[in-house]
Amino acid sequence: MRTALVVLRKDLRMEMRTWETVPAMVLLALVTFVIFHFGLNRDTIAGQEAAGVLTATLLFAAMLGVNRLFVAEREQGGFDAFLLAPVDRSAMLVAKAAGLFIFLTALEVIAIPAFKLFLLGPSLGPVLPGLILILVLANVGLAVIGTLVSAIAVHTRARDLIGPVIGLPLLIPALIATARAAGPLFNAGHVSGAPPGKWLAILALYDLVFALLAYAVFDFLLED
Amino acid sequence: MHTTYGKGLRGLSIAAIVTIGAALALAFFYAPLDANQGFIQKIFYIHVPLAIVTLCGFIFGALMAVQYLRTGDRRWDMRSYVAIHMALIFGIVGLITGSIWAKASWGHWWVWNEPTLVSYLIVLLLFCTYQPLRFSIEDPERQSRYASVFAIVAGAFVPLNFIAVRLAQQYVHPRVLTLTGGNLPGSMLLTFLVSLLGISLLYATLWKYEMAAKNARSQVRRLRRTLLGEDTMRPVGRSAAPS
Amino acid sequence: MTILLAAAPALPLGKAGKFVAAAYIVFMLVILIYVAIMATRAQRLEGELSELQRDVEAARRGNDAAADREPQESVL
Amino acid sequence: MLAAMPPAIELRGLARYFGERTALHDVSLQVPDGATLAVLGRNGAGKSTLLRILAALLRPHAGEVLVFGESLPRRAFAVRGRLGLLAHEPLLYRELTGRENLEYHAALHRVDRGRVDEVLAAVQMERRADEPVRLLSRGMIQRLAVCRAVLHDPALLLLDEPRANLDPAASALVEPLIGRPAGRTRVLTSHDPRAALAEADLVLALKDGRVAYAGEPAGFDDARLQELYA
């Protein structure tokens, strides 16, 4: 855990020095909202449609972060330096997934208000706690799968292609659950702010299974 | 290192031919016409076994990938590769037959409210990336390792995906042909089970056949190396298949 | 296939029959394509084997030539 | 006394392939504790591969590799932290400063932060230590890389062309850290074989991944050297 914190701190410091990833993710999300506005030819959207737009947008933005996740490690010898140290290899997985989770949260802090401003019809206030719960679970799934896929893709020749190509199908169940859970929250006449428990359970199950799986196989991705 | 895969291949292929023959005979001469779907329902006897064998093949490949990571023995990676490769071929046939069935009974080549079909498509899409992934990793050892990790993750993905997609669909069409429903008449069930066995045997036969062919090729290469030295080796083109 | 064709007149064909036939034909076709691919591979393997045979024989002749000069040399 | 200790490095029939290509074949060798081994050979002879295997970054395909009596890669965990690798790449993040990089490695190796200042002072990099690595010259980066390699005071140093990009003054600076005076077991390669020979207690000459010579430097004369690089 201590090692994971060391690596995470290093990653956050590098992001704060370069501002390469998070601003790009935010920008992509904003542009996607604009595209949806024209693509759907609507000023406001609500319900399941709004949930779908939000999920797709967050996914595309997340893919940018996933692609960048291990590039510095690979190009600047970070993998070797990490492997030379007497530390647990899984710390790298934990650190990278935590980093991606933080990036995604930062993205959503900006993208969700922007979503309300640009597209969403119904008010967000009453459903905010439910929405945050959904997004936290979704971010865990995106972070775990994203880290695993990125670690696989970074050692391939066509890494920019392989990452999304593997990642998108793997994420489909999580995305279905996210969109379906968020749908009722965006309904104009919502009665309660609680998201459907069924979908939250699926999202949580998905997160748990893949977190354990990633933990089990990650070491094999670091060896040479 | 001298494993042979050809052994028992003849018996297996004869068993596959006999069982599939029996399944065809049962399907067309023994099993009654379905009350709702009529003759169309005969596609069921080929489509569903293909789909089941495909998914089992993916999981089979994942289990062998686990073995590879545990032992580091490249033969397990080869087995896993062939299992996934064959399952993918079966899967594409299964998808086409499923699509034909959808067209025949609902008038559309593709229906979104058939959750099994949709999850099946997602799983196939995922496993379609297995070959490109292998192909874009140059170092053979790394290729085996990464492909195994992918196979394990994707194998675990299969059941999860089915749960999620099934829950996401409302059942618009009556589900007459669920296996879990147990509403299959005995004669249909028997026909179905014989076809399932037949397709499974076919899968096993082709898996063994492919393994034997790959093994023979690598043995020839090894023989050339030991008899004539490494210098006489023609460089092999980069490939997705383990060597 | 033959069973299907032989049985066809006795069965309620028409639109439904065509779809069922199509499904089974796709299955057969893919197996045939697979057999064809394996045939070309078997052919290539055969070629590789005979090439190896030729190379080994050539190498052995080279050795024999050396053995003529040094009669003690054993056969490969 | 020395003879009773296990050799720092012992290789028996080591082999490593990259696909069909042989990178190392049947390499056997013993390096006693405290000795310096020079690995010579042309580009692509397998020098860097050997170093990476010794650093437990690459797994051997055949044969045995013992470092401090621990078999690699199985016991790699026991060896990590006791060896330092100075590779071709500096293994430093370009966007971080030299000090941040070293503090990161210090944290990974659980070394006291004071040690960072100590090594920075030793190579006279204190003044430039707070600039991002990407702004530094290659020689300065190499000096930082030396700091990184010796930060955790490793008993075994693996040096891949350690003096590349260093002028004589800088070379003298790093000498107490990675040179003979440091008293560590060393494996070094060099673009200058004669200089490496002068430093070495043992020589391993590699040609196409196979051992061309292994033994005392005295037995490795100019003729052999010329043949190796021919």
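Order as written gives the chain letters A, B, C and D; numbering starts at 1 within each chain.
In this text, a residue touches a chain if its C-beta (ideal position, glycine included) is under 8 Å from a C-beta of that chain, and two chains touch if they have at least 3 such contacts.
Fair warning: this is a prediction, and the values are worked out from it, not measured in the lab.
> Quick check: more C-beta contact pairs at A-D or at A-B?
A-B
> Let me spell it out: compute each chain's centre from its C-alpha atoms, then which one is farthest from chain C's centre?
D
> CA centre of chain A versus CA centre of chain D: separation in Å?
Each chain reduced to its C-alpha mean, chain A and chain D end up 40 Å apart.
> Can you give the whole-Å distance between the Cα centres of chain A and chain B?
Whole-Å distance between the two chain centres: 32.
> Centroid from C-alpha atoms only, then distance chain B to chain C, rounded to Å. What do you get?
Distance between chain centres: 21 Å.
> Centroid from C-alpha atoms only, then distance chain B to chain D, rounded to Å. What do you get?
Distance between chain centres: 49 Å.
> Name the residues of chain A that each touch 2 or more other chains.
Correct list: 223-224.
> Can you list every residue of chain D that touches 2 or more other chains, as numbers and ranges?
Residue numbers touching two or more other chains: none in chain D.
> I need the residues of chain B touching at least two other chains; which ones are they?
138
> Which pairs of chains touch one another in this structure?
Going through each pair of chains, those in contact are A-B, A-D, B-C, B-D.
> If we count contacts the way the header does, which residues on chain D are in touch with chain B in the complex?
Chain D residues touching chain B: 18-20, 22.
> Which residues, counting only chain B, touch chain A once they are in their complex?
Of all residues in chain B, those touching chain A are 69, 122-123, 125-126, 129, 132-133, 136-138, 142, 145-146, 148-150, 152-154, 156-157, 160-161, 163-165, 167-168.
> Show me the residue ranges of chain D that touch chain A in the complex, using the header's touch definition.
Counting only chain D, the residues touching chain A are 52, 55-59, 77, 80-81, 83-85, 87, 89-96, 100, 104-105, 107-110, 132, 148.
> Across the complex, what residues on chain C touch chain B?
Chain C reaches chain B through residues 3-4, 7, 11-13, 15-17, 19-20, 22-24, 26-27, 30-31, 34, 38, 41-42, 45, 48-49, 52, 55-56, 59.
> Tell me, which parts of chain B touch chain D in their complex?
Answer in residue numbers: 138-140, 230, 233, 235-236, 243.
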